[in-house]
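In what follows, chain A forms one complex with chain B and a second complex with chain C.
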Partner chain A sequence: MTSADPPRLIGTDGLGALFTVLRERGYTVVGPTARDGAVVLAELASAEQLPSGWSAGTEAGRYRLRRREDGAVFAHCAGPVSAKTFVHPPRARLWSADRAPDGTVTTTGPEAPAKRFAFVGVHPCDVAALGVLDRVLAGGEHPDPIYTARRDGTFVVVAECTEPAATCFCTSMGTGPGATSGFDLALTELLDGEHRFLARSGSPAGAEVLAALPSRQAGEGDLAAASAAVRDAAAAITRHMPDEPLPALMAATRESPHWADVASRCLTCGNCTMVCPTCFCVTTEDVTDLTGGHAEHLRRWDSCFGLDFSYVHGGAVRTSTASRYRQWISHKLGTWQDQFGMSGCVGCGRCIAWCPAGIDITREAAALAASRGEPSGGAEP
Partner chain B sequence: MTTLAVWKFASCDGCQLSLLDCEDELLAVAGRVRIAHFLEASRAVLPGPYDVSLVEGSITTPADAERIHAIRDASRVLITLGACATAGGIQALRNSADVAEYASAVYARPDYLDTLATSTPIAAHVDVDYELHGCPIDKGQLLETITALLAGRKPNLPAHSVCFDCKRRNNVCVVVARGEPCLGPVTRAGCGAICPAFGRGCFGCFGPAETPNGPAEADLLRAAGMSEDDIRRLYRTFTVSAFAEVAGDAS
Partner chain C sequence: MNAVLPVPHRIVGRWVDTADTVTVELAPVGAPLPAFLPGQFAMLTAYGVGDVPISVSGRHGARPLHTIRAVGAVTRALCGAAPGDVIGVRGPFGTAWDVEAAAGHDVIVVAGGIGLAPLRPVVERVLADRSSFGRVAVLVGARRPAELLYGGARREWAAQAQVITTVDRADDGWHGPVGLVTALIPRIEADPAAAAAFVCGPEAMMWFTVQALLARGVPSARVQVSLERTMRCGAGWCGHCQLGPLLLCRDGPVVGYPVAEPLMRVREL
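Let's turn to the complex of A and B:
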C-alpha cells in the first residue's frame, strides 16, 4: 500500500494493534496520557494508557482536564509536553572525559539513544513543529548529532484535530487542524455512531504498518464524516494572529509603548519558551566529579527570559523584562523567518495556556499591531 | 590537600546535615579534602587558615558579629549555606518586631540573653564568595560547588526562576492545571523544582530569582484565592527579608 492508497477504517481495537505492531518493529511508543491533571506525552506501554475520555479546557493561563462521555482518545490539545522533549531533550550530555592514573585522557561523545521513537496521537501543529526543529537543528551546515540521533527513523502517527482548544490558532499559522505532510500515518477520530478512526498512510513505512492492522475499507460516509470533523474543528478555532505579515509587524513595532505594558505582567519565568514545541535554545555547563578524573559537558534547555541568556563579558544585554519579552515574540514571529525561512510559531497555543500570567501571544501581537503609530515607548526596552 | 571548615551561626543545623547526608559521596569528599573543623561530624579541630569555609546560620548576637570576621580572615573561599546564612532565615521575622517583647514572652530570665535586634545574612557582615540558597540547601548544589572548587572552575548556580527547572523536569504546573498558588515564578532555581514535582506549589525557600516581578506574582496568588494576609505570610515563611521587596513589604 502507498500513500496514494485509499484510506482504511480501524476500530478502537486497532489502536491496541497499532501499539503491538510498532513495538514489534522496535519502536518505543510515545503518546498522550493523562497524568497529574494534564494530558502529557510520555512513553506508553499500551493503548490503554491513551487519554480515553479526556479533553482539555484551556484559556490563557489555565488548563483543566475534562471528562467526556464519548470516550474520545485524541480530544486533547495544548498539553505541557511536546515531542521536543524526546528529540531535543531538556538535558543531554555532549561529551565526557576521563583521566587515567597515567594522565591520559579519553573522551566520549554524546550517548547514542537506545530508543527509536514512534509518536502516536500527536496533532498536526506538533508535526509542523517537528518540521521546524528539523530545519533548525538538522537543516543547517552543522546538524545537531543529539537531535538527529533521536529524530532520524522516528515514526509519526498524527491525529487530525477534531477538538481544538480555546488557545489553538493553527489556522492562522497554516499548520492544522488537518494533517497534510510530515507523518507516516494519519488518523481521524470519528465519534458519530461507531467509535472509529479513518487511517491513511503518508509514507511507505506508514503503509506497511497500516497493512498490518486489522482494518476495513472506508466508505464514502466515513470520508465525508472525517472531512466534516476537520472542517468543524477549523470553524471552532476562535483565536487568530493579526492577518498581516508578522515579520514586518515585529520590525515596525520595536519601539512600541506596548512592551512596557506586557513587561508589567510578565514574570520572566520562562514557561512559554519551555513549553513551545519549537524553542530550541540551550545552555551548556561543565561538571566534574570529586575524584577530579571525570568531567562532563552537559547542555540544558535555556530560555531568552533568563538574564544569563544574553550575558556577554561584563553583563547581560537584555536586563529589562520588556527587552526579553520582545526578544521572544520577535524571534517566534519575525526574525525566525530571516534565520530559517519559516515561522517559529505553529499556533499550538501552549505558551498561552501554560503562561502562569496568561500572557497571550495572539493578543500581544494584536496589541502591537494596534500600537503602530502611537508615540514610541521612549527608552529602548 | 584542600582544607574545609564548617561553621555554625543561628540555624537549625539542617544545612550542615546535608553534607553528612551526601552518604554516597561523603567518602569521596573526605578523600579529597581535609576536614579541619566540622563539629557536627568530628570533635577534632585543626587551626586555620582554611581553604574553604562553609558557613551556616545568620548573625543574631554581638559575639557572632565578631566571630564571622575571624572566620572570614581565616578563609580563602567563604560559602554561605541556606536561607539563614543567605537571607537571615525564619528568625529574621524579628527584624520587624520588638525583640525585647519576644524575649520577655519566651524566656523566664530575658536578662541572660545577649541578642541583636535583627537576624542578618552573613553577606551583610563580610564578603561572601558563593551563596547556596534554600531551606535546606540542595545537596546536589553543595557537591557541585565543592567539586567546582576542587577542579578550579566556577560552580553552576543559576539565578533564574524555579519554573525553568520545573518544565525541564516535565512537571505539570500546579498554577495552570490546578489553580494553586506557587512562588516558582519569582523564586531562584536550585532545588530542581522539588515541591511542584510532588504536586504542591513552591514556597520560595531559595529566595528571590534574578528579576522577580512582585506585582505580577501577587496577581497570580490572588487568582489562586489568597488574601493579602495569606500572601504576606507565604513570602515570610523562609526568607522574609530577601523577599521583602518582592512582597511589597516595607518592614
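Let's turn to the complex of A and C:
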C-alpha cells in the first residue's frame, strides 16, 4: 500500500491496534491525554489514555477542559505541550569534558536518545510546527545533533482538526485544519453515525503500519463526511491574521506607536514562548564537579522576553517591554521568513490562550496594520 | 566541522595587551580546525565556566590568535589561562571581511577599542599585498592611552599606511590627538569616493563613524561593519544573536552597511 492507495476506515478498536503496532515496531507512543486540567502530550501506554470525551474551551488568556456528550478522541485543541518538548527537550547536555592529570581534555558528545517517538493524534498545526523546527534546527549549515537524533525516524500520526477552538487561526497560516504533508498516517475522526476514522498513509512507513491495522474499505459517504468535517472546521475558525504579507507588515511597523500599547499589557513572562511549538531559543550553562576536572555544557529553553536574553557586555540590548514583544512577534511573523524562508507561526493559538494578560497575536498584528502611517515612536541611536 | 564539541587547544603564546586584554596563540591538541578568515569568530570555551564568541585577531603561521578582553566570568577565565593550559575552540563561524572587494581601491579602516582586534587581520592582509590597494588609512580610537592595542604593529603599519591614533582622555605621556575617532575622518588622505571602509567598535561609534565616512563621499555599498549580539551557540540554534532579519552568527558578524543601516537605526532592535 502506498500513499496513492485509497483511504481506509478504522473503528475505535483500530486505535488500540495502532498503539500495539507502533510499540511492536519499537516506537514510544506520544499522544494527547487529559491530565492536570488540560489535554497535554505525553508518553502513553495505551489508546485508553487518549482524551476520549474531552475537548477544551479557549479564549485569550483562558483554557478550560470541557466534557463532551460524544466520545470524540481528537476533539481537543492545542494544549500547553507540543511535540517540541520531545524533539527539542527543555534541558539537554551538549557535552561533558574530563581533564586528565597531564592536562589533556577528553570531550564526550550528547547522549543518543533511548527512545524513538511516534506522535499519535497531533493536529496539522503541530505537524507544520515540526516542519518549522526541521528547517531551523536541522536545515542549516550546522544541524543540531540533539534535535536530529530525536527527530530522525519519528513516526507521525496526524489527526485532522475537526473541532477548532476560538483561539485557532491555522487557516491564516496555511497549516490546517486538513493535513497535506509531514505525516506518515492521517486520521479524520468521523462522529456521524458510527464512531470511526478515515485513515490514509503519507509515507511507505505509514502504509506499512496502516496495512497492519484492522480496517475496511472507505465508502464514498465516508470520504464525503471527512471532507465535510475538515471544511466545516475551516469555516468555524473565527480568528484571522491580516490578509496581507506579514513580513512586510512587520518590517514596516518597527517603530509603530502600537508597541507602547502592547507593552502596557505584556508582563514579559515568556509563557507564549514556552508554549509556542516553534520557539526554539536556548541558553547554555556550564557546571563542574567539586574536583574541577569534570565539566558539562548544558542548554535549556530560553525566552526573548527575558532581560538577560539580549545581554552583551555593557547591558541588555532590549530593555523595554515594547522592544521584547516586538522582537517576539516580528520574528514569528516577519524575520523568520528572512532567516529560514518560512513563517515561524503555525496558527495554533497557544500563545493567545496561555498569555496571562490575554494578549492576542492576531489582534496585535491587526493593530499594527492599522497603526501604519501614524507618527513614529522611534529615534536614531 | 563539528559545531558542538569544543576542540581542545593549548595556549602556546600569551601576550598582555592592556590591563584587561590578552592575546593568545592557540595550537590544536589534535586535528586542526579549518582556517579562520579575517572577521570570522570562534566560540572559546573555558571548561566549566562557559564559552564566548571571540573573533580571530591574527595568526602565526597556521595558528590563530585571539584577543580577549576580560569583561565577564568566561573572558576573565580565558584571559587568566596560562601558556600550556588547554581551552576549547569551536568554529570558524560567521562571515568574513570581504577584503577582496577592496582590491584596486583606497582602504579606510576605523577601529574603536577592542574593535581593532578583528580588523588587525584586514590591515595585515592589505599591507601584505600592498600594490593591490591604493592609499590606506587606519584610524584607531581608545578611551585612554593605556587601553590602546598593538602598539608595535601600529608603528610598523605606519611605514606603509596613514595611521592615526586618538584617545578620549589623554595622560601625561600622550602627544597624539584627543577626541573621538570620528574627529579623525577629515584627516584621511585616501580618496573617499574611491575607498572601501572597514569599521568595528561600539555600535554608536560605528554609526557616527559611518555617517562621517558617507558625508565625505565613501560609497555606502563599500562600507562593512562588524556587529555584536549575544551568542550562546555560534551555529544558528540559540536565537540570541538576532538583529532583525539577521542571525549574526550566520549572516554576520561582518555585514555590508546597506544591510546594517536600517537595523542600526532602530533602537533596541
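Here is the rule we go by: the second predicted complex is superposed on the first by the 369 of 381 C-alpha atoms of A that agree within 3 Å, B and C clash if a C-alpha of one lies under 4 Å from a C-alpha of the other, contacts with A are read in each partner's own complex, and residues count from 1 in each chain.
The working rule: a contact is a pair of C-beta atoms (placed from the backbone, for glycine too) under 8 Å apart; a residue touches a chain by one contact, two chains touch by 3 or more.
Since the model is a prediction, treat every value here as computed from it, not as a measurement.
For the composite obtained by overlaying on chain A, chain B and chain C can both be accommodated side by side without a clash. Of the two partner chains placed by superposition, only chain C is touched by A:318; chain B is not.
Residue contacts after overlaying the shared chain place A:301 against chain B, while chain C stays out of touching range. In the superposed model, A:354 makes contact with chain B only, not with chain C. Figure note: vertex chain A, arms to chain B and chain C, all at CA centres after fitting on chain A; angle 70 degrees, rounded to a multiple of 10.
In the superposition on chain A, A:85 makes contact with chain B only, while chain C stays out of contact range. Once the two complexes are laid over each other on the shared chain, residue contacts for A:144 go to chain C alone; chain B is not touched. Using the contact criterion defined above for the overlaid structures, shared-chain residue A:267 touches chain B, although it does not reach chain C.
In the superposition on chain A, contact of A:97 is made with chain C only, not with chain B. In the overlay built on the shared chain, the residue A:243 is in contact with neither chain B nor chain C.
Once the two complexes are overlaid on the shared chain, A:38 sits against chain B while remaining clear of chain C.
Minimum Cα-Cα distance between chain B and chain C in the superposed model: 5 Å.
Shared contact residues on chain A (touching chain B in one structure, chain C in the other): 285-288, 292, 295, 302, 319. Listed in rising order, the residues of chain C touching chain A in the complex are 1, 3-6, 8, 29, 45, 47-51, 71-72, 84-86, 88, 203-204, 207, 228-230, 232-233, 235-240, 242, 244-247, 250-251, 264-269.
The touching residues of chain A, when paired with chain C in their complex, are 94-95, 97, 99, 103-105, 107, 109-110, 136-137, 140-142, 144-145, 254-255, 280-288, 292, 295, 297, 299, 302, 304, 309-313, 317-320, 322-323, 327, 330-331, 334-335, 338-339, 378-381.
Considering their complex, residues 25, 28-29, 31-32, 143-144, 146-148, 150-151, 153, 156, 158-161, 163-164, 167-173, 175-179, 182, 184-186, 199, 209-213, 215-217, 219-220 of chain B touch chain A. Every residue of chain A that touches chain B in the complex is listed here, in rising order: 35-38, 40, 61-65, 80-81, 85, 90-91, 264-271, 274-275, 285-292, 295, 300-303, 305-308, 319, 321, 353-357.
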